[in-house]
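Next up, some structures in structure tokens.
Next come two complexes, and both contain chain A; in the first it sits with chain B, in the second with chain C.
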Partner chain A sequence: MYDNPGNATDQEKFLDQSIRVVKAESFEMKRCLDKGKTMDALKHALQMLNEMRTSELSPKFYYRLYMDTMHELQCLEVNLIQEFSQEPSKLSNLYECVQYASAIIPRLYLLVTIGGVFIKCGLGSRKEILKDLVEMCRGVQHPLRGLFLRNYLMQCTRSVLPDFPETEEMLLSHNSTLPKGTPQLKPRDGTVEDTIDFVLINFGEMNKLWVRMQHQGPSKEKEKREKDRLELRILVGTNLVRLAQLEALTEEMYVRDVLPSILEQIVSCRDTISQEYLMECVIQVFADDFHLATLNEFLNACGQLQQEVNIKILLIALVDRLALYTNSSIEGQPAPTKMQLFEIFSEQATNLIKNRPDMPMDDIVALHVSLVSLAVKCYPDRLDYANMTFLGLRQVIEEKGITDIEAFGKVGRELTKLLNIPIDEYKNVLRLSELPEYIKVMNYFDYRGQCNIAAYMVQNMLEQETILRHQEDVDAAFSLISALLKDQEKQPESSHETEEFADEQNLVARLLHLIRADDVDSQFLLLNSARKVLGEGGRHRLRYTLPPIIFELYRLVLQFADMKDEDEKWDAKIRKMFVCAMGTIGALVSTAELAELPMKLYLNGAITADRVPFEDNHTVVYEFVSKALSILEDDVVDSRDRVRCLQLTVGTLLKTTHLPEENWQPLANQAVLAAAKMFKKPDQVRSLVTVASLYWHGETLETNGEKMRNGKKVVDILRKSAKIARECLEPLVQQQLFIQLLSAYIYYYEDKCTEINVDHIEELISRTQDNAVQLDVSAEADNLEKQLGEAIHRLQLAKIDVAASQVASPRTEPDLPQPPSENEGL
Partner chain B sequence: MAMLFGFGQSAEIQIRLSNEDSRKVVKARGDDGNLHDNFLYYDGESVTGTVHINLKKANHKFEHQGIRIEFIGQIEVYYDRGNQQDFISLTRELARPGDLTQNAQFPFEFNNVEKPFETYMGTNVKLRYFLRVTVIRRLTDLTKEIDLVVHALSSYPDNDKSIKMEVGIEDCLHIEFEYNKNKYHLQDVIVGKIYFLLVRIKIKYMEIAILKTEIVGSGPNTFKESETVAKFEIMDGAPVRGESIPIRLFLAGYDLAPSMRDVGKKFSVKYFLNLVLIDEEDRRYFKQQEVTLWRKADKVMRRPGSDDEEPQTSIPGTQKFTAPSIEHPKPESPRSDPKSGSTSPDDNSDSS
Partner chain C sequence: MLVLLIGDFNMPHRSANISPKFRKLLVPNKMQHVLCTGNLCSRETFDYLRTLSSDVHVVKGEFDDETLKYPDTKVVTVGQFRIGVCHGHQIIPWGDSRMLELLARQLDVDILVTGNSYECNAVEKSGRFFVDPGSATGSFSVNKTGPVTPSFALLDVQADNVVTYLYRLIDDAVKVDRIIYKKSKST
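Then we have the complex of A and B:
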């Protein structure tokens, strides 16, 4: 391409030399211009332009030389125009004179400059000059020099190309700005058609030169040449920009002359770089309605491009552009325009894929992304369009025998984009069920891919609050996200251990709260059926998916609670709900092999049942609490968990008020037993202290809203507990336990438990104080010391209090202070 | 006797032509190699004027044996100085032998002189016209010569044939070129085009040269001298098959004389257009084509500005090649493999 590919330093050097000549000659040129010696000035201009003949410079450096020279030529142009205004005759044969120059490059640069001056001064026929210039430039067949020369031609003529016919007013306003004595502008000839011809010829020639660059020089420099060419592409593209800028360019002209000619040039050059760039140029520079009018032609041409051309990018660019346009501007226009658009694209895309067996799969999918996007965005009502596209894609995938598309592979990423479009656009995942092909395409994903899409759907439903109102909704949603609900064939062994799995299941759990039927009966049916589907999810999913169902059931119960008068089968129905909940929790125990979670759910159920006054609700409460206790008994292994679970059970029992004594007792006993059976002594002590509160604060059906106040039982338990504490060998732990016990004793004493013996407390205090002396010095010991001090202080106060109240009224109910342990609530 | 000692009378001769003020003057190279202004005459034009004899010494008698003026057209071949051929020689007697006592003027007139050839200063030959005044004296004659330039005008029909030719080197280069005419006047413009049918060499550039060949003498004594009088680059870089390159060459930019054929049976001047392609190894491929140059009468000068109202539709310098030509196939794609684009051997039979 250029003789001296050398390094940048060499190039700098060559450029420097050239620029120095340019500067020197242009200086002389301007001097001559100042003196009015036009011909001499032109001679220097020729000398200056001689530098443009160089073969030493790479495109980048040649460009810099070009810019400098251009600047000087502009000075010449301005000067000549001025000169003409003073002495028109001086220029009359200049157009011929400059052609005496024997070297072609300087000659043509000068000719173009003079041509520009002539047109600007209204000399001669504009049409003729333009035509002449563009033809004469054919003499430069050297790609680099030719491209720049022709670019200069475009630059020089850009402001004088015929466009709209010049009106009287335009001329007048132009002439009024001219200095006095200047020849007035006459109407200039030429029409926009002439401009189109002119630019199209120049475009064709420039593209040929540009393409030719690729095929000159040694083949080992191919990459470098491609790089060079990319740097120059804007020169070629400028022609198209110029055409697009013509105000008088009508759609008819575009359809009839401009586009066919451009496409012919692009297709026939058979050059990948050129085709890719120019097609994109066409898409970008011309108006949307022009594109709409020529879709078939354009897409047809796309089909004829080189195999290597990335058609995908082109089509996507076009589709995206038109999708945006049609969406924003022809909303409400007659449907045919829009309808055609999709059908044309769809057909052309199908043909393209058929004709290009080597097209990579990710490109094919990407193409469909655009199509779906078009279908979904511009034809929100035409689900068949979207479905058709999915069908088309599925057929291609099927033909190619592709399965298990990797979620994060090239194809997978495109496929994800594709599947996400309708989710995003419809803002209602349920509509997807109207695209039967959607799921089929989705199923070509591997396990992860399917899960990702399903999770994306769920997320969308949550954001959009897509309510599942009917059985069909639930079925549709579940079938769309089935990858998340059941074990899949393609599912890897350890998939349930991943973070994604947990996240996804949490999403499903949240989704279940969107089940919202219009009435209680239907809601129950929906939950029940959902439970059945979810029940098949396997142990790893149940723990996430069943609790929401259970909570929904409890919520439903509470919602239904006030409607006793409206439904004669009220009692039975409530019961049924609890049975259902119980069964569901049972599945968590048996299938999911969980303990604490179902236990909590039982306890929660018990409280719920206790609050709703349906017939024999105590049986449900009893059943639920006893089930919780038996889980505690059989399935909770870890001692800390056991302590916590027992606390929860005690808390629950304290909240229930509707158990008859006969039911309450076994449960309380069981709790005491469980407390005593704790594995570690400290746990036994603490749990017993906790359980003791049952007999003080508990309520049964029989207590009629009063607390049980069974002081004897409390003291028994506390004593038992104190005994165990004494057996504890670790001094520090023992001290903690003593202080805890002390607090409990004092609490009940304060609360007027007459069975409590003050002496007993004081004995405990002195034992504790003894103990304290033996403790090693530590922060913990200090802390305990302080607590002990406080306990003693409280006791003093309590004593005074008790004494006072015995004087005032022997038996009144004081305000209930906080129970000593945090055994409340779930 | 007085003359012998230098006391004799002497005189200066001056030739003044009629209408010197309005007559066109052209520069012509003289014997000394410098350019001189000479008056321009055309064939058949009368040459008139006045001869002035100015005496150097007043009141002295100037004796002479007669005064005459000659109009001479002469061909001189340099290598044969003695052999000058006067193809025209006209004489007018201006005065009979006698004495002059004061400055004298003698009008002369060569009416409607035939001047068949154009003035020519070549490498080996010279054709000149001059006026010579001779004052015959007893010992040495006084003479004075002035050169006149003669332009031989001709006219050729406008619709003369174009030059069109297909040339090539088999499997290497094949072009078709066309010049719009084969006879050009000296202010003419050569327009044409070159169409590339096959290009397998790496062309660097292409130019048109104007060659002038001067042929002097005949038979064994023929001297042929060629020189390049113009070089004009018409293409930069390498075209591909199907490209058509325009030619537009203004002859006015060069110092040219008309073609001459067998002038006075002494010499001829021929012009050739030489189309030269230079490849990247600086090999030259060329094809010469003779053209006839002729001199056309100057156009009547139009006063600039007098036709302001008339819209100018055409400007000088945009001459186009419009001769009808055969339909060519579209330019081929440059990427096609050169080996596959071969034309059949019959196509390029006409090679240079």
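Then we have the complex of A and C:
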């Protein structure tokens, strides 16, 4: 198409040469203009324009030459206008003269320039001149040169095309704002219709030139030509922009003349690049209401485009644009306008897909993304529209026999986008259950894809606090996220070991707290039914999904605790809730094969039951604690875990106040036993110190709200503990244990435990001091030293305090029930 | 230097979410340290804390997964202050103030941060400062009578004093209380 494609350096060289000529000739041209020698100036201008005939330059470089030349031509134009606006009659001569220039390119450039000057000076018929110019340009059929020439034509005439209905008034106001010296506009002929004709002709011709580029030159350079063409597309598009800018262009004109003519040109050129670009141009440049008025025509044309045209991009661009527009402005308009929009799109999209059997699946889904987006955003009340779209897509998928769409594949990504739209827009996942086709489309995903969507739904519910108030709500939510609740056929073997699995189950667990019925009875039913569904989730899910149910049951029990007078069956109902909680924890033990988690949940149950004054609540407390203890006995193996679990048991027992002595004792005994049975000696010491507190702080039914204060038992246990500590052989560990024991002794002594023998403490202190000397130097040893000093200090303070209180009031402690058998098992 | 004290999320066990009001307040890179009293109960919560500050310290709550190996106690030095953190379920009897003091002495800290009471409070005792940031999610606890108020605390550590801000969500509005603790010469 251009003779010397060459490399960039060659191109630079050619460009340089041409520009040098342009500079030289324009210099001469301006000199002549200054001297008033217009004819000579034109000769130089012709010389300058000769350079535009070059065949050496690629589009990019030709464009640079064009820009430089344009600049010079503008100087010429301004000069001519100044000179001839006073005596326009002399212009005719110039026009005639230029006609005789031999080469067509320079001649036409000059004719266009002078034509522009004619119009600006108010000479001749504007309508005729424009028509003349646009016809004359047909003389250049070389694509590159023709395109630029016609672009020049558009530029030159930009400000003089007839547009708004030019009344005298408008003309006056226009002229009054002009700077001094600029020629004033005179009333002229021509209407906006003439402009439309003018631009449409130019557009048609330019497009033909542009398309022709594709078919010139050897076929092996096809790609390069396409690239060249893309660089030039804006020249063609400018015509459409110009049309869209016309202020006097009415919707009626657009519907009747403009769009049909444009579409005819686009469709008939049968060129993929041109069609794709120009259709998008039309969408982008013209006003929204023009599009709304011509939807059918436009979409029809889409159907007639080349098979290779990426129709998806066009439709999506149009739908998205109109969705935005419709949503923001159509509120007040009558419904039919809105309704039609969706129906037209939907129908046309379906036809397009039918007529293009080769359309890739991801494009088809992407199209539906736009449709659903339109349906959901612009017609929030028309769930049938959204459903219809999902139905349409499902049918296509079905026909193509596609299954198990990969979550992160091309199609999967579009499908994710599609399914997320109603979630994001409705802000209420429960509404999805009113789109029966939604789930069906979702089911075409593979396991991961289904889980991703379900997790996205749960996240949305958590974010929006979508309360599940009724059984239908729970059912709806559960059926939407069923991929997360139960093992799926397509589920890979090891999926439960992944991080995603854990994250998703955690989401489900959080969701369960959104189950909130209006009253206690219904809430219990909801929790119970949820538990049944979750119970089928298999052992890997239960550990996540059951604890929330149990905690919700405890919460419900405590909420119900104060309502004894309002419900005849209060007692039975409370008991039923506990039975349900206990059974649920049981599933964690038997099915999920867990130990610690259910144990902690049992302990929480014990405290809950202790706080609710239903009949024989102590039996339930006992049951919970004993179940926890038997897990500790049988199923907690690791010694550190055993220490911690025992600690929790003691903490829990100290929270209970309603166990009768006869029930409390076996539990406390069992705890002491477990402490003494710890595998490692230091653990025995620490655990014994912990369980000793049971006999000091513990409360039973019989202690009547007072602490147990069984000093004898406390001292027994501490003594036992101290004995074991002495058997520890590691000096540093032993020192830690000694100091812990000292702290415990002093704690009870401060608390006025009379059974504590000060001599005994002091003996322990001296033993600890001896030990300290033998310790290697370390930060921990320093710290222990500091703690020892602190302990001694506190003991002295306590001694003074105890002595003072003994003087003040001789002790009158009530006799406490003695534990049945001392030192049992120690 | 701002130090966020937060914990007892119990998510997903006992609560669905952190209130959006709190999430709006807790913005990344405002706080230099995050001290968490435990009971996060999921990796997601930990990840959330990591978005707030690069320096996050977590101790073990009774419902945290054992395999995560959070320590029982932790001491962090901020400016001139030694701050100890412990969840508190290890302190028997739970919430016993003398045992808490004992732990503060053992850890040799100026400030002891614990959870487990499900109530946001801060109090000075024998020259040391005790803070419980409460439950960030307002999650239910069988140990506490009545509803749990969502809360957390913020320490503004200055040269020789610490200003503590207690944030509570009451009737869906954030209420802030301010307490100043001055480091005593002896400790």
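To be clear about the criterion, the second predicted complex is superposed on the first by the 795 of 826 C-alpha atoms of A that agree within 3 Å, B and C clash if a C-alpha of one lies under 4 Å from a C-alpha of the other, contacts with A are read in each partner's own complex, and residues count from 1 in each chain.
The working rule: contacts are C-beta pairs under 8 Å (C-beta built on N, C-alpha and C of every residue); 3 or more make two chains touch, one makes a residue touch a chain.
Remember, predicted model here, so these are calculated numbers, not experimental data.
Undergrad: Looking at the overlay, what does A:K655 touch: chain B (first), chain C (second), both, or neither?
TA: The second partner, chain C, only.
Undergrad: Pick one for A:H697: touches chain B only (first), chain C only (second), both, or neither.
TA: second
Undergrad: Could you look at A:P548 and tell me whether it touches chain B, chain C, both or neither (first, second, both, neither)?
TA: second
Undergrad: Is A:E12 contacted by the first partner chain B, the second partner chain C, both or neither?
TA: A:E12 contacts neither chain B nor chain C.
Undergrad: Return first, second, both or neither, reflecting whether A:R53 touches chain B, chain C, both chains, or no partner chain.
TA: first
Undergrad: Quick one: is A:E763 in contact with chain B, with chain C, with both, or with neither? Answer first, second, both or neither.
TA: A:E763 contacts neither chain B nor chain C.
Undergrad: Just to be sure I read the superposition right, which of the two partners does A:N93 touch: chain B = first, chain C = second, or both, or neither?
TA: Once the two structures are laid over each other on A, A:N93 reaches chain B alone.
Undergrad: Touch check for A:H215: first (chain B), second (chain C), both, or neither?
TA: In the superposition, A:H215 touches chain B alone.
Undergrad: Both chain B and chain C touch chain A; at which residues?
TA: Of chain A, no residue contacts chain B in one complex and chain C in the other.
Undergrad: Quick one: in the complex, what on chain A touches chain C?
TA: Going by the criterion above, the answer is residues 462-463, 465, 499, 502-503, 506-514, 544, 547-548, 551, 554-555, 558, 596, 600, 604, 607-608, 611, 641, 644, 647-648, 650-651, 654-655, 690, 693, 697, 743, 747, 750-751, 783, 786-787, 790.
Undergrad: Going by the contact rule at the top, pick out the chain B residues touching chain A in the complex.
TA: Residues in contact with chain A: 205, 207, 230-240, 243-246, 248, 250, 252-253, 304-305, 311-318, 320, 330-331, 333-336.
Undergrad: If you look only at chain A, which of its residues touch chain B in the complex?
TA: 53, 88-89, 92-93, 95-97, 99-100, 102-105, 107, 118, 123-125, 128-129, 132, 135-136, 138-143, 145-146, 186, 189, 208, 211-212, 214-216, 268-271
Undergrad: Which positions of chain C touch chain A when the two form their complex?
TA: 11-17, 42-44, 62-63, 66, 89-90, 92-94, 96, 98-99, 102, 105-106, 108, 140, 142-143, 145
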